[in-house]
Amino acid sequence: MSSWLLQLGFADWLAYGSAGLIKAGLVLVLVLFTPMLALWMERKIAGRIQDRLGPTRTGGRFGWLQSPADGIKLLMKEDLMPAAADPLLFRLAPYLSFCAVFCLFVVLPMADGWAPAGWDSALFFFLAVAGLEVFGVILAGYASGSKWSLFGAMREAAQVVSYEVPLGLCVVVPVVVAGSMDLEEIARMQEGWFTRWFIFHDPFTFLTFWIYAACAMAGLNRAPFDLPEAESELVAGFATEYSGFRWAVFFMAEYAAMFAWSGLGAILFFGGWNGPVPVASWLGLVSTNGPLAGFLGNLLSLLNFLLKALLGVTVMIWARWTLPRLRIDQVIAMCWKYCVPLATLMLVGVVFWQAISMEIFSPKPTGSCTVRCSSNPPRLSQGAWPEETPSAFPLPTRSGLASQRGLVR
Amino acid sequence: MVDSVVPEEFDLLTEEIVINMGPQHPSTHGVLRLILRTDGEVVREVQPEIGYLHRCAEKIGENLTVRQFTPYTDRLDYLAAMNMNLGWSLCVEKLLSWQVPEKCRHLRVLMAELNRIASHLVAVGTYGLDLGNFTPYMYCFREREKIVNLFEAVCGARLTYHYIVPGGVMGDLPPGWLRECSRFLDQFQATLNDLHALLTNNYIFIRRTAGVGVLPLGTAISYGCTGPVLRASGLAWDLRRHGEPIYTQMYAPYDFQIVAPQDGQYPDDGLSPPVPDDAVVGDCWHRFYVRMREIVQSVRIVRQAIQWYQEADGSVGEPMKIQQKLPVAEAYLETEAPKGQLGFLIVGQGASIPRRVRIRSSSFCNLSVLPELCRGCLVADVPAIVGSLDLVLGEVDR
Amino acid sequence: METSQIVRYLRERFPRAILGENLQAFDPWVQVEPAQLREVCFYLRDEPALRFQMLHLITAVDYLEKPPGGGQGGSEGHFEVFYHLSSLEHGHRLVLKVRLPRWKHNQPGQLPELPTLSDIWRTAEWHEREVYDLSGVCFIGHPDLRRILCPEDWQGHPLRKDYPMSHQYQGIPGR
Amino acid sequence: MNEPSLPSILFFLFAGLACAGAVGVLVFQRIVYMAGALLVSLAAAAGLFFIAGADFVGLVQLMVYVGGTVVLLAFGVMLTARRNQPAWQVPGVQWAVGLAVGGCLLVVLLWTVLAVPQWQTASAPEAAEGAPSAPGVLVRSGSRQTSPSQTGTIGPLGWAMLGVRTEQADQSDALPDVRQTGQCGYLLPFEIISVHLVLVLVGAAFLARAKRPPEPRPLEQGAKVG
Amino acid sequence: MFHPITLAHYFVVGAVLFTCGVLCMVLKRNALGVLMGVELVLNGANLNWIALSNPALRSDPAWAVGLDGQLMALFVIVLAAGEAAVALAIALNYYRLYLSVDVDQANQLKG
């Protein structure tokens, strides 16, 4: 899109700035829309699990307008701030959380090439930014001036920082298989039938997925790991003193993060936007058949991706309404005693699996470069600096314009 | 040089803080206030503060005739109002040396046990809620609604029934009621199985409750803990069998088990799952499990009561007159309410208004053991322990 | 064990502490001298043949005799404190009664005193607090004797027969 | 040349944030505000790293520094901050002296920076108009042949950690001889730091533990809860 | 002056961060404040490393340190994390003793 704007003769800063803003707007729509959907799903699914109906009337049928109605109700609520609260941090905290979650979506590819910012270290960026969400929660807990909030914040800090370790180890396993940290690249490598999905790649990736799922739920503070906001213990944890819009922002951040982590799981283990059956390529909906076919194929891919991510969200909702809550010592013990060693084992296992399979099967170019190169260093092609100055950061250079990727190619 | 050296060193966390849990807290089951002194997540001491629901029931009892006081007993343990009515009525009948007809006795057993099921359902459901599982709560309340519907058909009220009164009951059953009741019992076991799957056998549930809040039998007796709390500590003590004759004769024809672990195992009832290895007699898991099993036994009793009631002849008794004079004597009677042993003491003074009414509240005694149970547990264990005691603050505060 | 037998045990052991008995009452009781209450209770709890392990209830009953004519005053009468005991082991029950003056030294405002039983039966701890709160009996040696049901700053003891019904509390009208 | 370009706009945005955060850490008196200002400063520094082409270092900065260290600091703040903390006022004289010395330091540093003319002009005209480009991104790792536009410092950095300096190898296919070129990777420092980190963590955990269990203190009667 | 971005720009920012950090270490009485000062100093130094690694920022690109600068920055970041952990553990221990994190009171080595 930015290249298109540049061709129209915009100044580069204006072109890139406006393209960035438009993309940010699209991401914002996504970040606002997915919590609404997830919330409605949670209400309906929880209702069914509990032998009741959930919302039925708002918006005519199925209560499909329930989430916006809730949002409007929250907006109209009185905005309370305790006298003991720290006014600045109290106000700031929800937006900090929300911003971090917003940034998660920036690198999430929804279809081939449809990532707001494709990047070869997208996965690393995702992990780094995911760690920032906790800061909003900590500030909220501290700034509320309530002991329950402080408890919630401390639990959150301990839990999230702990679970970042096994999560990081888990996501490295598909990276080892793919040999790339680029989420688009990882997803592209799983094209074809569902047997190409990384979860079916080898026993280690299969087991890793389950560790990933548990750790992601713990990192997201979803039940049964929802200790920072355990309502029967800490009233509402860090969110005790929040009401109205600011509470809604926290809430949206939580649900959007659920979606983002489900999406990451779909990309890493379930083929990303690739369906279980390569229908799109049968129908010829690939970009080699022209831009329209590529666009339609991408639409199909987008649908695929959203369905997978929502399936992950559904599983989280299902777990929440089925399981009791763990205790904080059990949660932390689970992290350090089970998840971290298991994830490490999986990592070592998958490295050996790759090495052995490389020996047995003919080395593929997309295989693990780590293994190949340790015995035979890569061909060291010398880039031409300073004649050609490729940029590390997907910030534009004129020379790299043609390959700029955007939400729309 | 700083002299203000604090001699204690704590494990990892630093400063002890005093937190108020309640009276507005989601898991204190009403208006209980707990003052926690915590060191990080570890609770050093718990101090219950009660009285937020004190409604001067005993003072009111000194100003009303015993017949007029009956509806006030509904308000004690409002989740088991039938059992409250029953305890009061039996105590009055003991003071007046009355006997109610056999049919009335069976009807009372029927109601009391149905209400015990309802009360235990609330206990079990809210216990799941305390541990963060919302779904069993909805299942329990769905079943409780059916019981409450039955009660409403009998007496018109859904919470404070005022049905069992001194001298008898307020009225006979409406036609078709027993059939409805049997239908409820027939479909009920499925819910219990769901609850066992969601709670009793759930790994997380066991980890949260087994070995937590262990109440040794000696401590339980010394604190006057009764009911499921006492039985879960390993003593098969149930006033329905071990009480005073005026009470035990009601239950004499019935066949049921006293649910208490013997050497960590329970008598087989063919329906309940086995005890997990982690569970220690007297812990939260056993207190929960005893209630689950008592529901099964109560279902058995209700089935028998339907039978006995249909076979019995005669009337269902006559409610006593409002201005009935009481002798100059005192009578104390305890009955087995769902929460524990509920006692009423009436001191008559030769008039229709008693000199003194005293209520022994089972929840009051069960709550008093809380500081003992919570010492050194985690903050998250406090709701688990409080919930396992199954308190109703209306009964604690009276 | 029959109640008469229990009373015989007690009379043998504490000839002067047992002031009276009524075995024909609905709940047979013995009256105990307040000064020896603790010894009697220790004995009742620990004697293998008796084993009263459980204290069910502590009650204070105000026997205020209204003066004829319904006039003011009314310091006549006495207090009785009931202790309902039972043995889970032997299945027998007993009521102890202790008779107290309504006021210590008959001076209104001075609460009558009893020794605490809270170290014998832990049940007594809260029950004695309640009796203190509502009836105004002071338990000597109680570890934490303060109001339990009424607010801390409540005036008077509501279950006394001469308790003046207050019409307001902290400026909040009562009726 | 005078036309503003996006990288320079972003640079000044991030630089301003970083400096403002640093000053904030200095001037705020409340420890939580200081932590917040530090967060802003470090995150903005990560942005500057990105602009300078060090994307991997920027990400590590975000993950380790902002997501880890600052969270750790915030944890410490929560554990040690008390609501009625006495204001630890530093005397005004100390402030004045400190600011004077700091000002001198800043002046000296700035003077040094501005004394070198080579530092004040960019090299490549392309880079001057567009983004400053990275030196370490000249080589792509072997697996990245499919998308030639994607470049990054991850591959070279990873190789460097393993002791292979891909970006310094010459055009030939031969392995650079370490002894000849004097170039070697960072395998040994990497290992040393790994071991060092483990030791540090064990030590920190040991330090933070208590020596003996506390005695329970009785709660004051009728404790007033604040 | 503002365009293009050069090494000097980065150095100025680094100098500001460095100076603020040093002043923090000197002027703060809170142990955690001092710790934050250390972080700022390290960060200012890191900024210089990163800037030095990029040859496009200077007119004599041959003098750029290249990837070594980024590696140094990486090591600094990682070591700073370890340093923060140890410093925090010490601060907590200290707080346990004195119920305060005022470094002016820390005048004895006895634990």
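Order of writing sets the chain letters: A, B, C, D and E. Residues in each chain are counted from 1.
Criterion: a residue touches a chain if its C-beta (ideal position, glycine included) is under 8 Å from a C-beta of that chain, and two chains touch if they have at least 3 such contacts.
Because the structure is a prediction, the values reported are computed rather than measured.
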Report summary line: Two candidates, A-D and B-C; the one with more touching C-beta pairs is A-D
Report summary line: Per CA centroids, the chain at the heart of the structure shown is A
**Report entry** Distance from the mean Cα position of chain D to that of chain C, given in whole angstrom
**Finding:** 73
Requested in this report: With chain centres taken as the means of their Cα atoms, state the distance from chain B to chain C in Å.
Outcome: 26
Report summary line: Between chain D and chain E, the Cα-mean centres are separated in Å by 7
Query - Junction residues of chain E - those touching two or more other chains - result: 55-56, 61, 92, 95-96, 99
Report task. Mind pulling the residue numbers of chain D that touch at least two other chains? Result -> 4-5, 7, 51, 53-54, 56, 60, 68, 72, 75, 77, 79-80, 82, 123-124, 127, 129, 133-136, 153, 208, 210
Query raised in the report: For chain B, which residues are shared contacts with two or more other chains?
Result: 9-10, 14-15, 19
Query raised in the report: Touching chain E in the complex: which residues of chain D?
Result: 1-2, 4-5, 7-8, 11-12, 15, 18-19, 22-23, 25-26, 31, 34-35, 38, 41-42, 45, 48-49, 51-54, 56-57, 60-61, 64-65, 68-69, 72-73, 75-77, 79-80, 82, 88, 90, 94-95, 98-99, 101-102, 105-106, 109-110, 113-114, 116-124, 127-129, 132-136, 153, 156-157, 160-161, 165, 167-168, 186, 189, 193, 196-197, 200-201, 203-205, 207-208, 210
Requested in this report: Show which residues of chain D lie in contact with chain A when the two form their complex.
Outcome: 3-7, 9-10, 30, 32-33, 36, 39, 43, 50-51, 53-56, 59-60, 62-63, 66-68, 70-72, 74-75, 77-79, 81, 83, 123-124, 126-127, 129-131, 133-154, 159, 162, 164, 166, 169-171, 173, 175
Query raised in the report: Can you list the chain C residues touching chain B in their complex?
Result: 25-27, 53-57, 59, 61-63, 82, 84, 88, 91, 95, 121-123, 125-126, 134, 147-151, 158-159
Query raised in the report: Any idea which chain A residues touch chain D in the complex?
Result: 11-13, 16-17, 84, 86, 88-89, 92, 118-121, 124-125, 127-132, 134-135, 138-139, 141-143, 145, 150, 153-154, 157-158, 160-161, 164, 179-182, 185, 365-367, 369, 372-374, 377-386, 389-393, 395-400, 402-405
Query - chain E to chain D touching residues, read off their complex - result: 2-13, 15-24, 26-30, 32-33, 35-37, 39-40, 43-44, 46-47, 50-51, 53-61, 63-64, 66-67, 70-71, 73-75, 77-86, 88-93, 95-96, 99, 101-102, 104
